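Okay, so chain A shows up in both of these, paired with chain B first and chain C after.
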Partner chain A sequence: MSEKTPFFVGYLPVPQGLRRFLLVAVLGVIALFGVVGLVIGSTQDAPEQSGFRFDYGRQTVTGVIEMTPYPILRVTEGNDLIMPGKTLMLAGQGKNGIDARTGPMAGGLATVTGIVLQRGTIDMLQLLPGQRGIKVAEGEAQPIETEALGRWKLAGEICDGKCLNGAMRPGRGLAHKACASLCLLNEVPPVFVSTQPVEGREFMLITGPDGTPLPDMAYDFIGQFVSLEGDLERRGDILVLRMDAATLEVIPQ
Partner chain B sequence: MNEAELILFAAKIWCGIGALVAVVFLTFGIDRIDEDADGAYVFRPLLVPGVLLIWPMVLWRWYILADGKDEWSHRYRPKRHNHVWFALLMPVAIVIIIGAAFSVRQTWPGDIAPEPLSAPAEVSE
Partner chain C sequence: MSVKYIPVQWNRNKWIYDAVMLIGVILFLYLFLFVSPEILSHENPINPQIHNARAFGACAFIMLTVILCIGPLARIDRRFLPLLYNRRHFGVMTLFVAITHASYILNWYFAFSSSNKFEALLFANTSYGQLAGFPFEVFGVFALFCLALLAVTSHDFWMKFLTPPVWKRLHSLVYFAYVSVVAHVSFGILLDQQNHVFTVIFVGGALSVAGLHAYAAWLEYKAGDDIGSNQGGWVDICDASEFRDGFAKIKILPSGERVAVFNQGGNLSAISNACAHQNGPLGEGRVIDCLVTCPWHGFQYDVTNGRSPAPFTEKIPTYNLRLDGTRVLVDPVANSPGTYVEPVPLPDVVTKEVLV
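Now for the complex of A and B:
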């Protein structure tokens, strides 16, 4: 190296011959990152309005616990925000379902307290831990109706209900596959996002056939765009899709 | 075995061999090639994660050093003329990887409409 070749040393003043180069390089890199960020961002769909509704505060409602096998609550005694007749999916804090807590209460009345997660036509309640989150309520649970809507072929995506409802955003897609898998392995209710509304609903709880949990093979398809067939039911104001695992396949590009 | 299981299986095999190398190298080998490590034990567990990942390099350097074939001065002779190729290859590779990821990404099949296969009151057996 000749003595005239400028050499950059971080803790010394910038050599005269390198100043212009460094200025151009720094501004160029900043501009490049900005442009790349804009280009990549422009290819992504903006997530729909969703999330924890901390602004509502803790909500306490009473209703009938149903195990689909994932727990839902058919509200019988609501409040100003959650009216009777509303159906809520239930989850615990973090990446946890609450099957063990709700299982013994299936078919009975329970009072639940938690924070609402809301997205489109589907709501979830994240319960507080322990007895503060759910406890048996006095009274007799009235029989609740389930309306069979027949067998359907649908296209869309299997997600975890909590992240999709806004615990994470966008909470769906291939980039979210690992997170969704962890949630579903821990029994957070899974949700199917349909390409187009079915019976007025874009989102529906998805289970295995005959009241079984999501089949293991479905985990391989989380976050991918798939088609499947299954029996559809209306439970309160949400739909439940009992998928036929044999029909599940990835939609070709 | 699908792709994810294959990757996981390969990672288990790789890290399993790495664990074996780590146990042997950090228990016996390191004393033979680095006199400064003689009698020093607390730092050794810190090397385990690294050995798990680059155990072939560890075995190679262990062999070279133990066999007296090491020419230490070579490591201090940077081959700068190759740097320019790496400097060019890395951004090109990044662009190719991002481009490939976008090209194989599925498109949301918004045009596929839900299709009823049976009457509302019927459910499949």
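Now for the complex of A and C:
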């Protein structure tokens, strides 16, 4: 140590020759924290348009339940906001699907109550718990029309439908992968976000082939930019992509 | 210095140190949490829980970066040594900020399911065989575990209990924690950014830590302590005329230990260069009130016997000295800690030069 450097001892007063230097260092540390906090905080990416529509209030509609195997509802008796003919993905509260509740009702009419989540062309209804959320409705159910759209090769991202629809903002990407996996493991409907619109829609429900759930191997690719092939079909006003697991591959970015 | 263990030995400088760091952290969080949303004005704002998690996570990273920059800065310019003085408190503060970050993450991304959130943290993402999509959360968990271990063992009781060398090795875990934090961020949020301002700050911070450590190591390599030459079983320190009153000369002994030979009022005494507290470099200290004072935390020793003044009980090894003409030689075999060694007076011809 230079013999001229003032010698600091913690339990003694700060030497005169060090005071100005330490004052500058103190102000520098405080300024560093302030500037960095403000800069990082104010340069975060804007989440995309999505979210719970609490402003709509609870919505009650009746329709046909179908398991794709993930539950969807084709609305037959709607209201001012949800018109007949609309197709809704269904989920429970939190990171929970409702397969156990909708399974016995598949193909039949049901009245559902919950909060709408909107993301572009695809909507989801988060049901209230128990009978308040879903109950069998009287009447004859007409099967949902299915239109085969052929085999497609698409590029995009596998997400969980609930977070993508705005339960979380942001609700996609690699930083969100564990959360999306947890949602999908708990049977929340998965959604594929295509980089290019298909039949005018960039969001589509994604399943395994022949009406099976999302294949286990697909979980490793959640949140990544991937390409895959599959059979596309229109169910009501949403698209369902039956993916072929063997064609799934990561696209380098 | 303390003769008994108390939670914190507060003094004015420690209060000032903690206040400055706390002001910095509060300013960071205030601007991030409350001012930046106004600037962002997102039509669909980021969820408050995610915004909070990011604020506390970014703050913990900056705190850890500053903590790790202080060490090399103090080696490059000794005027930064006061920033080292109470760094442990800043480390404990970092743990609390990091725990807050982890709490927001656990209670948001891993909650709301039928599974226990701690279990969900372990099983939700198991893609360990790939880089993109790797479960980066494990790096954060490891870093948090390290920070907790360091905070819990930060008190001097643990240093005494574990011994300074073991304690120092244990606390070098902070470097593993930092590398783990870098991996946590690199495999997580960094891969999702469209705006790369944070990326630049993050990379800049990590490079600052690495660069400052490399530069300090290079300076020590270029101008560090010399290895003393062997003179018939004794180690040559320097010519007696090179000593200044109240200062030391440091040499590396064949064993690798460093010896500090002090000139106190024209008398030479040799002690271990490593302070009994945290292995601080005693030879870079000063003699204050007839006692060698460590530059890191102010622990003091009598140079003739290596003992702290009563009622303190710290002891360090001493070394035997002799003169060969005007050359100062030291016996490389250390005496037991606290052993008195008769000081060796500087030769008359040198004394006149030194004390004039």
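Everything below uses one rule, namely that the second predicted complex is superposed on the first by the 208 of 253 C-alpha atoms of A that agree within 3 Å, B and C clash if a C-alpha of one lies under 4 Å from a C-alpha of the other, contacts with A are read in each partner's own complex, and residues count from 1 in each chain.
Here is the rule we use: contacts are C-beta pairs under 8 Å (C-beta built on N, C-alpha and C of every residue); 3 or more make two chains touch, one makes a residue touch a chain.
Every value quoted in this text rests on a predicted model; they were computed, and no experiment measured them.
J.: May I ask you to decide whether A:Met168 touches chain B, chain C, both, or neither, giving the answer as first, second, both or neither?
T.: second
J.: What is the contact status of A:Ser227 with respect to chain B (first) and chain C (second): first, second, both, or neither?
T.: So A:Ser227 only meets chain B here.
J.: With both complexes overlaid on chain A, does A:Gln196 touch chain B (first), chain C (second), both or neither?
T.: Only chain B; A:Gln196 stays clear of chain C.
J.: Comparing chain B against chain C, which has contacts with more of the residues in chain A?
T.: The larger set of chain A residues in touch belongs to C.
J.: Look at A:Arg151 in the shared chain and tell me whether it touches chain B only, chain C only, both, or neither; answer first, second, both or neither.
T.: first
J.: In the overlaid three-chain picture, which partner chain does A:Asp45 touch, first (chain B) or second (chain C), both, or neither?
T.: both
J.: With both complexes superposed on chain A, which partner does A:Asp244 reach: first (chain B), second (chain C), both or neither?
T.: A:Asp244: touches chain B, not chain C.
J.: Determine where on chain A the residues touched by chain B overlap those touched by chain C, and list them.
T.: Overlap of chain B and chain C footprints on chain A: residues 40, 43, 45, 174, 220, 224, 250.
J.: Using the touch rule from the top, collect the residues of chain C that touch chain A in their complex.
T.: Those residues of chain C that touch chain A are 1, 11-14, 20-21, 23-25, 27-33, 35-37, 39-40, 42-47, 50-51, 54-55, 58-59, 62, 66, 78-83, 85-86, 108-115, 120-121, 124-125, 127, 129-130, 132-133, 135-137, 187-189, 191-195, 197-198, 201, 244, 247, 284-286, 288, 293, 295, 297-298.
J.: Quick check on the complex: what are the chain B residues that touch chain A?
T.: Per the touch definition, chain B meets chain A at residues 2, 4, 98, 102, 104-124.
J.: Which part of chain A faces chain C closely enough to touch in the complex?
T.: Within the complex, chain A touches chain C at residues 1-3, 5-14, 18, 21-22, 25-26, 29-30, 32-34, 36-51, 93-96, 166, 168-170, 173-179, 181-183, 185-186, 219-224, 250.
J.: Hey, which residues of chain A end up touching chain B in the complex?
T.: Where chain A meets chain B, its residues are 40, 43, 45, 147-156, 174, 194-198, 220, 224-225, 227, 229, 231, 242, 244, 250-251, 253.
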